[in-house]
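The structure follows.
To keep things simple, chains are lettered A, B, C and D as they appear, and every chain counts its residues starting from 1.
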Amino acid sequence: MQQLVQGIHRFQREIFSQDKKLFETLVEGQHPLALFITCSDSRIDPSRLTQTKPGELFIQRTAGNIVPSYGSNLGGEAATIEYAVAALKVRDIVICGHSHCGAMAGILKPEAVNKMPAVRAYLQYAEATRRIVEENYAHLTDPARRLMLTVEENVLVQLENLRTHPAVAAAIARGELKLHGWVYKFETGEVFTFDPDQNHFVPLAESASPQSEPHRSLPPI
Amino acid sequence: MQQLVQGIHRFQREIFSQDKKLFETLVEGQHPLALFITCSDSRIDPSRLTQTKPGELFIQRTAGNIVPSYGSNLGGEAATIEYAVAALKVRDIVICGHSHCGAMAGILKPEAVNKMPAVRAYLQYAEATRRIVEENYAHLTDPARRLMLTVEENVLVQLENLRTHPAVAAAIARGELKLHGWVYKFETGEVFTFDPDQNHFVPLAESASPQSEPHRSLPPI
Amino acid sequence: MQQLVQGIHRFQREIFSQDKKLFETLVEGQHPLALFITCSDSRIDPSRLTQTKPGELFIQRTAGNIVPSYGSNLGGEAATIEYAVAALKVRDIVICGHSHCGAMAGILKPEAVNKMPAVRAYLQYAEATRRIVEENYAHLTDPARRLMLTVEENVLVQLENLRTHPAVAAAIARGELKLHGWVYKFETGEVFTFDPDQNHFVPLAESASPQSEPHRSLPPI
Amino acid sequence: MQQLVQGIHRFQREIFSQDKKLFETLVEGQHPLALFITCSDSRIDPSRLTQTKPGELFIQRTAGNIVPSYGSNLGGEAATIEYAVAALKVRDIVICGHSHCGAMAGILKPEAVNKMPAVRAYLQYAEATRRIVEENYAHLTDPARRLMLTVEENVLVQLENLRTHPAVAAAIARGELKLHGWVYKFETGEVFTFDPDQNHFVPLAESASPQSEPHRSLPPI
């Protein structure tokens, strides 16, 4: 804990003066570029990864970058998404999974989360992920590849959940919002995005216009 | 959106090589110092504020750094907290509110969130914050001070909610977890922590041992 | 059932005349000393135990003296607590557990409540109790002591849940409400209260000022 | 609070020895005569009213003796009822309303509970009571009579809610459980029970077999 406190004092002494002017303008309000939904995992730093500055990314982080589908139980995800779209009018939402995700490992090995009832309950919102992997990839037995595939499929599943949110559906319908599915492989620095034409995840190209509305339209390969 | 994609390519070209060795060790697993719960607000960058590196902070972010009390509706907050405490064994949890928080402004001006049902529903978990401010601070009419006070009181309220989570209660009971309530004033770079002796928030001191288990035990001043 | 009806007639013939004057003044309204939250167990009689008269104790009784934490599901406990604090302005709330509690036995032996889905669901609000006992008292194997300990820990857990109720939080914040955790051992007539200094439950002393705001701040012994 | 503590010590010194033998047998378990559901109101003492001893009445008390109908939100009422019927095998359940009930006054004057969201939410389970009174008794304008009528109608409404509980429905179906609707007028000591033949509440007779399954079968008078 002492390390965090000392880090803050170092920030105040050495770093804050660089940000001072920017923060003064941000007192007036925020106009983020996008809502970035990713995992709570300590190995992910969305601002560093995207080289964005304070004020540019509105960030939602819970275990497994899961987005419960819209329903009677309105929790933090529903509120955060609604606020980003309806109040802040973000134009893009990224759901970004990542390699070596503990929550996705929990999907493949349910007994590992047996003593964690809240985690187990939350993984119900990724039950489609579990089934897609189980029913379509029986042949894929290598654990590392199976986990990465689960991460990828989960990004697509959570995008479907995201579309059930009324504010999101309405903004897509009027052409003011695009959705993006990414996977970040932190150990290589690579980011992959789903390409509907190729029907799998491909490296995020610098020039290509970012994919939006990525649905699987073919059976997975 | 193009800015994000270009940022990622800049990260890959210029930054990743600095992190490469660190990330290689992190493939084995994460051992974060703390769970850091803060708002989705784009003006907050927890890693930059605390000068921590990848692998050091497990981060939960939803609007208003709200933590629903534990109950039958298990969402992302309950799962993320349980995973951090029961699986990752973090020893500290920080709830960090911040100046100019839009969710807290929504508490003071409910008509502003009238058209956002998911936000309104989520703010029910901060209803105690609203009542504490309404019933105890009628005399405080300056809007800016009233908002900052709401941010502060909400950190204390969410700490109470956090204590209802079984994994948290069990870890506190065996002396293996401490809770911390902070407020970050981004426009000055200051961080404040609740001091039970003085009964209000004070600047986070570099040397002092960080406050834990902060409860209000006296009427507010 | 006939016994109840005959008891009522005996009350009307022999007892009511003693209470007549008191009840006439109580028609105007009630001003109870405290909200007393205890179990539905037939062996507990709060009025007899505290030697209070009609008008003095506002009483909430459900199985296991459980207080669901505040949230979107507002049931009888939330309403009763809010009414006691916000409308009746009680200054003290006691949560009183008791020896040989069937609900607490259900926590230790979940298979016993397997066929009672409503009981099982309600015990989720005491999941923190179950975990504290399981994770911290593995060495305590004597069933009788283990049950009594569960009763004690549950009183502390339910006090945490109680603090999440907005009316309670607001009244504590302005110094107008105190919380008390008691355990009643009906077979000896003893009442115990949590002493934060000694970190365990001690006999309720006649002269000592009653404990308020009892939290565990140290690992249990 | 000091009065409660002193009352307990008086109980221990002067009263407990009378109960000692009884309590020793009750350590083995409870076999209550009935589940008695009544209001939290401080002016009601069910044990004194029915002249019952410890071990004889299993008691549920929340504001307004309301019994939420069975559904997805399982709270203390559902658990307590299920435990009483399925585990303790009680043969009778009494719902007992009372004169001058503050919760029923809140039904007639909703603006009085406007600032109590949990009370307001809970009164939704007595919405049928409100409508029956509003739609059938427009001619009854005397406030005192209107309140007493609301108390009576609410007992009948809550009996209907009680019948939706699976454990109750199953026990009624096999002839092992009877339901009773009473109103206690504390200022006179009288208890009234619903008489389906006369279609209104009548004084509880000493000899008559207690009414069970009281439904309104005719329009109210």
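In this text, a residue touches a chain if its C-beta (ideal position, glycine included) is under 8 Å from a C-beta of that chain, and two chains touch if they have at least 3 such contacts.
Just so it is clear, the model here is predicted, and its values are computed rather than measured.
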{"item": "Labels of chains that are neighbours to subunit B and to subunit D", "value": "C"}
{"item": "Of B-C and C-D, whichever chain pair has more C-beta contact pairs", "value": "C-D"}
{"item": "Self-contact between copies subunit A and subunit B, residue sets same or different by half", "value": "same"}
{"item": "Whole-Å gap separating subunit A and subunit C, where each centre is the average of the chain's CA atoms", "value": "44"}
{"item": "Chain centre separation (subunit C, subunit D; CA means) in Å", "value": "19"}
{"item": "Chain centre separation (subunit B, subunit C; CA means) in Å", "value": "32"}
{"item": "Subunit A, residues touching no fewer than two other chains", "value": "73-74, 117"}
{"item": "Subunit C partner contacts - residues on subunit D that touch it in the complex", "value": "1-12, 15-16, 19-20, 23-24, 26-27, 29-30, 32-35, 40-45, 47-52, 54-64, 66, 68, 70, 73-84, 86-87, 91-92, 94, 99-100, 102-103, 115-119, 121-123, 165, 167, 178, 180, 186-187, 189-191, 204, 206, 210"}
{"item": "Subunit C-facing residues of subunit B, complex", "value": "68-73, 121, 124-125, 127-128, 130-132, 134-136, 153, 157, 160-161, 163-176, 213, 215-220"}
